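Below is a structure I'd like to ask you about.
A, B, C and D label the chains in the order they appear, each numbered from 1.
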Amino acid sequence: MNLRTSCTIKFEIPDPTPFILMLRPRSGGQQWVEREEFKITPHTPVFEFSDTYGNLCQRLIAQPGLFSIHTSSDVIISDYMDQGFDAPFVEIQNLPDSVLSYLLPSRYCESDFFYEMSLSITQGQLLGYNQVAAITDWLRENISYIPGSNNQPLSAIQVNERKFGVCTDLAHLGIALCRGLSIPARIVVGYLHKLKPMDMHAWFEAYIGNRWYTFDATQTGSPSGYVMLGVGRDAADVAIFNQFGPPVYPFEQLIQVEQLSF
Amino acid sequence: MNLRTSCTIKFEIPDPTPFILMLRPRSGGQQWVEREEFKITPHTPVFEFSDTYGNLCQRLIAQPGLFSIHTSSDVIISDYMDQGFDAPFVEIQNLPDSVLSYLLPSRYCESDFFYEMSLSITQGQLLGYNQVAAITDWLRENISYIPGSNNQPLSAIQVNERKFGVCTDLAHLGIALCRGLSIPARIVVGYLHKLKPMDMHAWFEAYIGNRWYTFDATQTGSPSGYVMLGVGRDAADVAIFNQFGPPVYPFEQLIQVEQLSF
Amino acid sequence: MNLRTSCTIKFEIPDPTPFILMLRPRSGGQQWVEREEFKITPHTPVFEFSDTYGNLCQRLIAQPGLFSIHTSSDVIISDYMDQGFDAPFVEIQNLPDSVLSYLLPSRYCESDFFYEMSLSITQGQLLGYNQVAAITDWLRENISYIPGSNNQPLSAIQVNERKFGVCTDLAHLGIALCRGLSIPARIVVGYLHKLKPMDMHAWFEAYIGNRWYTFDATQTGSPSGYVMLGVGRDAADVAIFNQFGPPVYPFEQLIQVEQLSF
Amino acid sequence: MNLRTSCTIKFEIPDPTPFILMLRPRSGGQQWVEREEFKITPHTPVFEFSDTYGNLCQRLIAQPGLFSIHTSSDVIISDYMDQGFDAPFVEIQNLPDSVLSYLLPSRYCESDFFYEMSLSITQGQLLGYNQVAAITDWLRENISYIPGSNNQPLSAIQVNERKFGVCTDLAHLGIALCRGLSIPARIVVGYLHKLKPMDMHAWFEAYIGNRWYTFDATQTGSPSGYVMLGVGRDAADVAIFNQFGPPVYPFEQLIQVEQLSF
């Protein structure tokens, strides 16, 4: 499947304002970026770096006045996301070093509180993929997915109390439940084709059977149409923009995903 | 100053249990490890790796039975920790890439909630070192340091409500307040000479004037005698041991620090 | 200056053939990639990774038949490359850790043989930028730049004996001479606007006054119009493609650089 | 097997002289460092860092006068090095990213010249371990190991012409021959129990069957008693000390390895 994604964000900047952006998709095993645009208007010196999770990030100082970011990319992805029923749990001692940090609690995923609950949700499941599938099913049935229901990320504990949330909230609880079982789990932020209403999206991945698998409790059926922008431990790591100093908010944010005909 | 540190931890292990340890000090700008011992009894295959913060970590599977870890090191440190009154705030755009992750909220440092409070505590201070010194003074006056007052790390919000805590708790609140001002801050776990009661200790560092400075709200006077074992975003990153599977607790944990005569 | 670069490489592949490509420019302090295309025909699974020098590399297995790679990018660069006359030599102890490997001899830069010669060429120069400028002038006067004069990279010793070479050869000798003076130096492969005849190009950078500066002994006058694709210790690190197994050669390789009007 | 290694190096320093040392063994899958000493006399500020190969390196400026380095460690290793007859060649596409740089030619391993020769030496062998074993046998029969026969590292081409060399020389030729077959290979510098005459030693490793295996053409019989200090592409990466500025030579260098009784 070939998807064209785009994201336009516009600000009115009062004072020189530092930003860190995470809007450049990386090519990887799951996606190939065949074309990409990344325009910053007015043009501003930008420094790009890889963060500790391997995301390409851009630093810049937006100058006072209209400041707009426009990115667009054509990405080739599989028609269907891989599923891995029965893929086995990886024993801690066999995990790659680079995956270990995804076992620890993080800002919005207090996994240290979810051991009992994880066990109960996944009772009787084969260790590994089937546990995470059970967690995802449980989220679908117990936590209502209500786009726009909050503006600030909630933590897994808060989501579990509130019983509804946005995509990020469901991902946080899913991640916390996986880590509670010693299954490495991470958040992904990116685009989803046909998401309704269209917006940036977030889902989670779990490390099972020696690879990462995708899970998304906000959707049903076979997952497809995902384009990854960034990965991290939770929403604190994968903001599409971090802005420092007195807060400024975009006056326009437009996300689009369309399928290309070939 | 030459210090000899040692740490002995003993477990009775019921089932094969994966551990990740962080007990090997690294030599660096602030400390030189002149002698070190690291004994694991019974001897077990151990894999060492550097985590994303540069800490040397060890992975192993403890086998059923008595399992003990003994480390000891002779470390050369300065007689006095550097202080840097008036050292300036580093603008976000001038921070090294590797420091940026210490600006973000993390598991126990919900810095996104502390902007107002940080401003209020540091009102009238020169931006930079003096702000962090004011935060540390505020912690000393407002949060009682009570060793042993809890067993689980608390988050900055919880510490701020409770008004007392252990060393880690004070560090978490200090870090959250610094990050609230866009000052990178991180936790350090290690040894402190003459700490009363003697135990593992935690304090924090803030990045000011292009380097890290040490702050410790649990102590007064000129800080000295610190030996660093590991650094990270908060306590979730710097456990001296992480243990996976059904919890096991040490039946003995002995920490010692003595000054060597030359 | 806005440049549009493109590179098309075509192969007729007899057997499944592993490739590693280095054809995706990274945005950085010196260049901003505003638009990029990267097409592989027929589409083939590609895995992208960052090598130890920070270059984005792509791995793939080309299948038998026609195999073509097409990349194109619009890049914003300064109108003039920075020059830094009198910028000072950085003492070894003050170099960043990440720069140290550029002091060591490498496959094509046997810097261990050039200490005397470097001293002689740079006699009387202020330590730092002016030494490297003197080396570059010496190369211009003593080593003839003859595009197409060889197909295999030559090492600095060989270039120094032969007294002529392609862009890579001049860069290798320049790098070896810099390292001979304990100045970190690295090769850059990329595009140069108005290069005659148009082709991929290589030049070198030296680390002076706490940053990298560009030097190119194949050109005269103020340098401008450089777009960087990759950096490394010498040509062994920055091949735009490495192919493994029985050798296959492109039957077409087309490089273009044009200036965009705004 | 428990080995106690030690290394003492003494210099008379005329002018302040920068050094980079590589004398601290890391614990890893093959060895566990149970005790270590690292004394620099007189004590000098030292900065430790990990290089791109994961070696722990130390930077310092030696001051004029007597300057001595003393390291000692007790290391637990297996009684026998693993051998892996019939372990399979890893296809390029399946190699970990971190191993790829060990396929490329380097300063002393001009693997680009050894394809034909490698094929001829390994004719009829199963791809993988058996090829490298055949290369090692060929080296034993064709390149005389003469300790002390040179002071400067030679490159694989030079060793192949000269037909004799020190440990490093044999390793360089072995590495070049492996890489000629697209088998990742790297040099290791370290200690070898019962080496005659006792000195620092160098050998090589090849990546086969998803792990590194040890090969040493200077020894016969089952290899055992190896303690690793550093790894890299060739001798340019793994000098136990690099010294910058006007050359100074140790007036004493003493290496010892003894077996501990338990």
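The rule is simple: a contact is a pair of C-beta atoms (placed from the backbone, for glycine too) under 8 Å apart; a residue touches a chain by one contact, two chains touch by 3 or more.
Keep in mind that what you see is a predicted model, and the values were worked out from it rather than measured.
Peer 1: Taking a step as a move to a touching chain, how many steps at least join chain B to chain C?
Peer 2: 2
Peer 1: With centres defined as the mean of C-alpha atoms, identify the chain lying farthest from chain D.
Peer 2: With centres defined by C-alpha atoms, farthest from chain D sits A.
Peer 1: Approximately how many whole Å separate the CA-defined centres of chain A and chain D?
Peer 2: The mean C-alpha positions of chain A and chain D differ by 43 Å.
Peer 1: Could you give the separation in Å between the centres of chain C and chain D, each centre being the mean of its C-alpha atoms?
Peer 2: Distance between chain centres: 30 Å.
Peer 1: Where the centres are mean C-alpha positions, what is the separation of chain A from chain C, in Å?
Peer 2: Between these chains, centre-to-centre, one finds 36 Å.
Peer 1: Of all residues in chain C, which are in touch with two or more distinct other chains?
Peer 2: none
Peer 1: Tell me the shape of the graph of touching chains, choosing from line, ring, star, complete and other.
Peer 2: Contact map by chain: ring.
Peer 1: What chain-chain pairs meet the touch criterion?
Peer 2: According to the stated criterion, the contacting chain pairs are A-B, A-C, B-D, C-D.
Peer 1: For a test of understanding, state which residues of chain A touch chain B in their complex under the given definition.
Peer 2: Result: residues 18, 20, 49, 51-52, 59-61, 91-93, 97, 100-101, 103-107, 109-110, 112, 152, 182, 236-237, 242, 244-245 of chain A touch chain B.
Peer 1: Across the complex, what residues on chain D touch chain B?
Peer 2: Its residues touching chain B are 24, 26-29, 32-40, 43, 45-48, 50, 54, 58, 76.
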